[in-house]
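Each of the two complexes below includes chain A, the first together with chain B, the second together with chain C.
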Partner chain A sequence: MPDEDPRLGLLLALADDELVIGHRHSEWTGWAPYLEEDLAFSSIGQDEMGHARLLYEIAEPLAGKDPDALALGRQPGEYRHAILCERPNGDWGYTIARQYLYDTADDVRLAALESSSFPELAAAVKTIRLEERYHLEHARQWFTRFSQGPVEARQRFAQGLEAAVGEALALFETLPGEERLIADGVLPRSSEDLLGDWLGALGGVLEEASLDWVLASHEKAGGEMVPTSSGEIEQGPTLTVPGLERRDDRWVHVGEFAGDGGRRGKHTEDFGVLWEEMTALYRKIPGATW
Partner chain B sequence: MHIWDVLSRRKDQDPWEVSGSINAPDLDLAMMLARETHFRHGEGTTFALRARGTDAIRECPDPQGIGGVISKEYRRQDGYVGVGAKLKRVHAEMEKRGVVIDRPRPKGHRTREAAGA
Partner chain C sequence: MSATVTLEERVRAALDGVHDPEIPACSITDLGMVERVDVTGEAIEVDLLPTFVGCPAKDIIGEDVHAALGDAAGGREVRVTFVYDPPWTTDRINERGRERLREVGIAPHWEQKSGPVAISLMSVSGVACPFCGSTETKMESAWGPTPCRTQHWCSSCRNAFEGFKEKADTPA
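After this line comes the complex of A and B, so read on.
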């Protein structure tokens, strides 16, 4: 990882986020609250996996591995997704809370990447955003309904936000080699800068729905942090959830951004279980096509 | 929960045709769910909704991009259409080479031609 082209780290972070959260979404197939939503959410999951494939194709020459090998042929500690994406679905309230946080954050970073100096990435992002706007609409529709009640729905949604928001901040964890990415214009704005934008907008929406208390009381979700690689993981920053503070009528991130390790290959036991299932066929029949 | 009839136009000039129906509590959610359940693969250029039992038609306000932009042909159920013909072509090609890898039908099975179909 130390000698890796930082563009590969960026592509894998984006693609792995999409692949893993897409896989989690797909677990709702057959179980969503009602048929129409079952189809809609399954389709969103497939979209995310399609976006992952597009990004893996761009990463192929940098990684020297084909998209299938990148998606399914790596060890758990080689995946760069944020830990938020690997968490089990929980109830529908948590799932929608996570989808809202993820897709609004994804929108902020994709909007920035449209002006990336990496032409293949900029072009892919423009295409991806055409579909992501529907994911945003889906998340916002459910946000509105849950936040307006009935009481139990609002409460469970708020609990979902509370559980997910801390780990959602780490979607903007500083990337390996980020300084070079910014200097080269590949990443037009720093992760910390993007986090500020997202958090400001999120705070406003939550305040309007009288749900901003979840920002003040957010806490790290359950699950012990364990390294899942073969032990070759670069030692990242301390695994702490960054703090939030309200200043000048705006929620802001305070202190040094520590991140949560996902961008450096540190994951939870939850990902170990998901990885076993997600890659089982590929590991059993290497090179299989279908 | 209300029932909404889903109407579509295959091409811009085509008349509205009923594509199916969905359940949704209100128009906003119905629009989103109709697009996701009926138009994920470019099945039409636009669509509209009509609350069951009423006449008012509400057109999709933003039909651009329905059907998605990333290739998803592989997940269409009619992607399996033509598999039988493909198998026949493979068998014919193999027979030319003197190889029989399988039989398309069990020996003695009444073919469609023999049955006068």
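After this line comes the complex of A and C, so read on.
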């Protein structure tokens, strides 16, 4: 990695995010709560894998590997996606929370990359964004629906946001060789700068839905007063989202990330399981076509 | 009719015989996928714009173009490239393509901007039914059998129909 062209690191970060989250989305095929959502996640997953393929095609001359080899022929430690993308789907609340956080974050970075000095990437991003509009709309529609209740739906969505938001920040972890990417205009704005934009917008939306407490340090399950049949509110351990602070009426990132390291190839056990399955055929029958 | 048909015209006619395997009613010309044709003494270069980036039919279309140009090529090398600049948008589908889509029950609904009420991309009502023409319709789902389709319901003829998902620079 030391001598790697930083453009390759950027392309792999973008492509691996799309591939791995696309794989997770595809796991809902046949299992989603109802048919329309089965189709939605199947389609979104297919779109994301298509975007990954296009980005791998652009990376091919830099990597010296074809798109299949990049997608399926690397060791787990060579993938550069954010850890958020590899987490199992969990319940529907987590699935939607993650899709919302991922696609709103993806939109912020893709909007910036439309003016990249790397022409193939800028063109790809323009066409990718025309499809991402549907993913964003899907996530926003569910956000509205869940945040308006009923109680259990709202609670489980909030739990999903709590679980995902810390790791979502690490989508904007600084890339290897980022200084050069910025100097060359390949990355028009720094990751930290983009994170600030995303977090500002996210904080606003969460406040409007009175869900901004998921960003704060709070007692788990005690962050929101919820009427229960027994009248009791369960107390859990205090949860803190590392790296988040509220300053001047705005949520900002400070210091550390939860779940960072993805851009340098650091992953969790969850990715090992996903990788085994995703690459099984490629490893077992080299050169297979179908 | 002129007796001399140029090679480029023959190439374009051959391309018009290549159909999208997921929408067999339409040729790649109908769908506005042919961005550039360049014929030289040595090669025939064709640039195609994929409709949706992850379209699984892309590879098949590429192979079909090679097969279709075999005769016209006359020994020239055929080079087919998928390009993304400009991005493919639904308004590239030509009038014949729109007619053919309606014939197979797929509404090209982006062209009715003044009529349908787009509450959001997920909820568009008033798309003309390709079977009976009624606008008493609503979108059931923005997701369909392929990533490029939507699903609708017509209250007049009580048929379900599909729509071609709008892809535009300036969304409705």
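Assorted remarks:
Everything below uses one rule, namely that the second predicted complex is superposed on the first by the 260 of 290 C-alpha atoms of A that agree within 3 Å, B and C clash if a C-alpha of one lies under 4 Å from a C-alpha of the other, contacts with A are read in each partner's own complex, and residues count from 1 in each chain.
The criterion applied here is as follows: contacts are C-beta pairs under 8 Å (C-beta built on N, C-alpha and C of every residue); 3 or more make two chains touch, one makes a residue touch a chain.
A quick note: this is a predicted structure, and the numbers were derived from the prediction, not measured.
After superposition onto chain A, the partners chain B and chain C occupy overlapping space and clash. Contacts of A:123 after superposition: chain C is touched, whereas chain B is not reached.
Touch criterion not met for A:288: it reaches neither chain B nor chain C. Legend: residue contacts after superposition of the two complexes on their common chain; A:151 is shown touching neither chain B nor chain C. Superposed model on chain A: among 1-9, 37-45, 55-63 or 73-81, the stretch of chain C in collision with chain B is 55-63, the rest showing no clash. Note: residues 36, 39-40, 43, 46-47, 50-51, 54, 127-128, 130-131, 133-134, 137-138, 141 of chain A belong to the chain B contact set and to the chain C contact set alike, using the contact criterion stated above. By the touch criterion given at the top, residues 52-56, 84-85, 87-89, 120-122, 140-147, 165, 167-169, 171 of chain C touch chain A in their complex.
Residues 36, 39-40, 42-43, 46-51, 53-54, 119, 123-124, 126-128, 130-131, 133-134, 137-138, 141 of chain A are the ones touching chain C in the complex. Note for the complex: chain A touches chain B at residues 34-37, 39-40, 43-44, 46-47, 50-51, 54, 127-128, 130-131, 133-134, 137-138, 141, 145. Taken together, the chain B residues at the contact with chain A in this complex read 22-25, 28-29, 32-33, 35-37, 40, 65, 68-72, 75.
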